[in-house]
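Each of the next two complexes has chain A plus one more chain, namely chain B in the first and chain C in the second.
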Partner chain A sequence: MSERSVSVGDETSDETTTAFDLRRIGLYATMLGLVVFYLLPIESGLVTSIKTSEALINTQPFAPPGPAGVTLEKWQFAFDTLWSGMINSMLFTIPATLLCAVLGSMAAYGLTLVDWRGQVAVFALFIAGIFIPYQAVIVPLTQFWSQYAMLEMRLGLLLSARSATLLELIITHTAYGIPICTLLFRSQYKTMSWEMIEAARLDGATVWRIYKRIVLPLSIPMFAVVFIFQFTQIWNEFLFSLTIIGSVSDPAASATLILSGLGEALEGVDYPLRMAGAFITALPTLVVYLLFADEFAEGVEV
Partner chain B sequence: MAHTKLDTVTKVFTEDDGSEIIAVDEVSIDIDDGEFLVLVGPSGCGKSTTLRMIAGLESITSGTISLDDRVINNIPAKDRDIAMVFQSYALYPHMTVRENMSFGLEESTDMGDDEIRTRVEETAEMMGIERLLERKPGELSGGQQQRVALGRSIVRDPAVFLMDEPLSNLDAKLRSSMRTELQRIQDELGVTTVYVTHDQTEAMTMGDRIAILDGGVLQQVATPLECYHRPENQFVAGFIGDPSMNFFDMRLEGERLAGEGFEYPLSSDITGKLDDSPVVLGIRPEDIELIDGTGGDHEYAAEVLVVEPMGNENNVHLRIGDTRFIATVNGMRRITEGETVTIRLPEKAIHVFDRETGEALHNRRLDEELAEPPV
Partner chain C sequence: MKRVLAFLRRRRDESRARTDGGSTESRSTARRWLDNDFVRSAPFWGPPFLLMGFFVYAAIGWNFLLSLTDYTGFGGADYSSLDFENYRRLFEDPAIWEATRNTFVLLVVFTITCLLIGLGLAILLDRQVRFGRGFRTIYLLPFALSFIVTAQFWRWMYNVNDGIVNQFVGIFGIGPYNWLGNPQIVLGAVIFALVWQFSGYTMVIYLAALRSIPTDQYEASRVDGASTLRMYRRVIIPQLRPAMVSASVTLVLFALKAFDFLYAVFGGYRPRQGADILATKMVREAFGQSQWAYGSAIAIALFVLSLAVIAPYLYNQYTRGNL
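Let's turn to the complex of A and B:
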């Protein structure tokens, strides 16, 4: 490249290098912009959550407070308030996520790798289930639980009011999550070798044994995807909590429900408290991501 | 081990739009105990569907399949005591070779762990894969996977082996050595085997008998040499043998066959089998002789178009007028493209087929020691 006067070919290649450099600069600038765009709110939230009320007024939202303006009091308070909600949320999110994944996987297996009549019609029903808007089911759902199912009354001897509400949430979230989980598993099962399933059949395995010994072990990466997706979905869900639980003071109140009222007062919104609360509530989903990160990556590849 | 019988087996697929496709049309084959039967035919001829019906992976539209006189039409695949080797090997990717091979025994028998272990190890040794037992299929080469797939079906000691183009994913060299090995194993075990392939070389070399299918219809079931020398129709004649048989469209005119560019005198024992409907004259490339001089009854001058040297022999593409055909001659003989040679089409080697039905009207004469007793 040093003897650039020698040939025309060199000059053109030099031009392309320049254009290439410009493209690179553009790319990095855009990426940097995106990093700032995504991280700034998080950073602002974090610094806000450790500010005292005074520091909050005196500093920019994204600027860190001075040494005098730092307090962990809001985190402490948010944690104390949210703790019971976090437990409740865990109690219905984990079982509902597991049930969604297991039932979704089984349904997908039955709809994809087992041959029977009317599969398409049943699958169409599952797909339709994905598109039913939450808003449309709230009223019938609350009526169903409060007027028809009445778990609290019927199972009153076995369950406390809190457990009954949690059970309602587990069932509701499971029912609502199965269609999308089925779709996710089905997309993987459709790529599974049909000959392999047939080989297992000829090896003498029943439909159930094929699922247990072949299909299930091969869908572990997809389980990670579904766990993360469904856990986040159910953990963050608000509308069902609002309608089925009803009140923040209910012993079964979920984390999102408590969070909605956190830091609201007549004298104004307590932003540091809200931020601290938001971070605490988001923590479990983050942990789930980290736990299943490897399997998730593998599952997304499929 | 079992005597397997297919009696007028038919498979009709119904498409979504209601139209029906006959994939297998009234196929009847009697497979003897311990026999190696090769189902061969071009793609889409129904050979795989036939195999899948025997396996129980496909329902039977009509007809019966029986194992030792027991009709198995309605017995589910898992209870048929049949093992199958798939083209894609279909190994369980999350299991080790040992687990792959144990799976069938665990699922279909009540053998104890020790017995399973012993059997798997014995079979692995026989297949030469004993050192791969703890590996997973993803870590094996194609040839090794093939052996595992075979081992997995052998270990179960089934009544019937089914193989669906098991060698087609291997490279040419490995394929021919596996061919020999498969035959050796089948011989040793003596298990009835049905082997599907589209490769006529595999069919010729491996089968005790071969069944040729075309368009779902069984064309002929016979020993490889019988199919080669006494094809029942033009399809079989053209399908078996490589390069395939040369065909010339002819018509009987008195004592001779007349075609485009040349005439072929016939002796009376052949003309007696023919009438004046259009026929096809067939002759295998290796039966065409290159000779010196000209003038005989079945001798013609032909132009050499292309010479394909194979080493031991040459495939010579020839032309008489507009009729093109292939002759296989000794590899040591020098032939140049463009030269004119004299060929002889010996009368004892010719086949005559009905042009309408394809039915063989006359097959070549064989010397006594070559001729096989009729099956």
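Let's turn to the complex of A and C:
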């Protein structure tokens, strides 16, 4: 990369320095303008969330309020409302992310390690699973959980209604997350050095042993990518929450579900409250994204 | 890859034949069966495949079956009398045609705009800029947020009285508009917000492709005296085709299933007139009005539309040996 950067940078070396500078300035001005475009809705939300109702009327939507116009009341209220949703979201997002990653890695290994007829067909079914619109499965899915599996009734002695719903969400998110995780791991396994594996195989190592001793340790960076990417995907998901949990007041309601109904009142929309709620809901994904932006981008690339 | 594996296997068989002294032939069929690649790999891909297969493919079949019933309201479906009544209803429902039209407008405008802006961003970032990673992180940031979160921001941005968008167009002496309430412009407003959220995604796809183009191609076109614009048009952009195709597939499929954002920005199952798409119509019929069978029929229509995009794409990937 750096090598090419130099050559691209050199392009204007035969032109005058001022032209070069103007072009660079234009480039950076465009990029900063775009920063404003991408951050403005978020920035405006942030300053709005701490405004008193007076400051909301008297200040520009993107300007921070004066010291007298600051209140954390909305954050407090949004936090109290969303807290249980945050816990619920964590409780299904983390197990589902881990399960997706492990199952995806196993599937990718099983489909890369060996070569048999029909293998491409199986892999194509995995890949097509990434793109299937959830609308095409959502009615049977809710039917399955509410009328056939009925975890709440069958496991009533072991699980509360809330845990049963969370378990349903874990299984659902895992099932629909497997295809993308398989693709991510497969993209790595395809380019992995197979000499070592072939050598181990000749030494008589079983497929399980090869997976545990060679493939898994080599996949640790890809596990990081999958964790980051899948965590944000499952946390941000809404349609399953809406249809499987059903109601904002359900004890298992997720953060996104509660946020969708937050601040809706007869006298109008409470924007500062909604903005505060949006930030609280987004907080885990924001933290993960800002800490691991490279892994996230890598997850997107494949 | 396949060729490599086949080569390795041949080599393995050769070496095994050497060490075993030809004993391979005398191995029992059971032993050979256990050594079969299919059987040995099945424990790995089998369980994930069953779980995924049940929830994805069995569910689609089940959904089709449901679409043939006349299941509405509470209770379970009655599978004893199946007919295509819901599909007839689908063709006669004017709201479906409106939703289909909106879906296609969204799909085309959203996809093309995202591709163009993403390409522009990727080219900007690919030109030796300082803090390139910082810029990329900022441009991709909206994509990491939930639609429910970004919908809150855009409700505020599009606010009629003092929303930022109305203030901005006010500079040019137009507006204020009721962006999310006016049937003429609501779809455009939704597309604009979705482009804001997704253009970073296309940028990342293009950027990865740009960075895989060998340096000497830039140098060669430079030596030939090509201008920067010409270099990109003639040499670089044609090589971005595979990236463009895979990004378009993702964007089109997203446009088909976009529901979360519309639900959150309009605060319910019913988007404002002019912004109803098939995805929102499907969820509304099923979960808003308990028209389960009819909703399933719309879902099948959506599935067929998606398949029209997925199947050629996967076939193309297969022929290129990318699967």
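Rule of thumb we're sticking to: the second predicted complex is superposed on the first by the 263 of 302 C-alpha atoms of A that agree within 3 Å, B and C clash if a C-alpha of one lies under 4 Å from a C-alpha of the other, contacts with A are read in each partner's own complex, and residues count from 1 in each chain.
Convention: a contact is a pair of C-beta atoms (placed from the backbone, for glycine too) under 8 Å apart; a residue touches a chain by one contact, two chains touch by 3 or more.
Because the structure is predicted, anything quoted here is derived from the model rather than measured.
Colleague: Where does A:Phe126 make contact in the superposed view: on chain B (first), on chain C (second), on both, or on neither?
Modeller: Only chain C is touched by A:Phe126; chain B is not.
Colleague: Is A:Gly268 touching the first partner chain B, the second partner chain C, both, or neither of them?
Modeller: Touch status of A:Gly268: no partner.
Colleague: Does the superposition put A:Arg209 against chain B (first), chain C (second), both, or neither?
Modeller: The first partner, chain B, only.
Colleague: As a test of reading the superposition: which chain, chain B or chain C, is in touch with more residues of chain A?
Modeller: C
Colleague: Between chain B (first) and chain C (second), which does A:Pro67 come into contact with in this model arrangement: first, second, both, or neither?
Modeller: Touch status of A:Pro67: no partner.
Colleague: In the overlay, answer first, second, both or neither for which of chain B and chain C A:Gln147 touches.
Modeller: A:Gln147: touches chain C, not chain B.
Colleague: Figure out whether A:Arg201 sits in contact with chain B (first) or chain C (second), or with both, or with neither.
Modeller: It touches chain B and chain C both.
Colleague: Is there a shared patch on chain A that both chain B and chain C touch, and which residues make it up?
Modeller: Residues 198, 201-202 of chain A touch both chain B and chain C.
Colleague: For chain C, which residues are in contact with chain A within the complex?
Modeller: 1-2, 4-6, 8-9, 11-12, 15-16, 36-38, 40-49, 51-57, 59-60, 62-63, 66, 76-77, 121, 124-129, 133, 135-150, 152-157, 159, 162-164, 167, 196, 200-201, 204-205, 208, 211, 215, 218-219, 222, 228, 249-250, 253, 256-257, 259-260, 263-264, 267, 279, 282-283, 286-287, 292, 295-296, 298-300, 302-303, 306, 309-310, 314, 317-318, 323
Colleague: Show me the residue ranges of chain A that touch chain C in the complex, using the header's touch definition.
Modeller: Residues in contact with chain C: 1, 3-9, 11, 27-28, 30-31, 34-35, 37-42, 44-45, 48, 60-62, 103-104, 106-107, 109-118, 120, 122-129, 131-144, 147, 171-172, 174-176, 178-179, 182, 190, 194, 198, 201-202, 207, 211, 232, 235-239, 242-243, 256, 259-260, 264, 269, 271, 274-275, 277-279, 281-282, 285-286, 289-290, 293-294, 296-297, 300-301.
Colleague: Show me the residue ranges of chain B that touch chain A in the complex, using the header's touch definition.
Modeller: Against chain A, chain B makes touches at 55-57, 77-80, 82-84, 86-88, 90-94, 103-104, 107-109, 152, 156.
Colleague: Can you name the residues of chain A that touch chain B in the complex?
Modeller: Answer in residue numbers: 193, 195-196, 198-206, 209, 213-214, 217-218.
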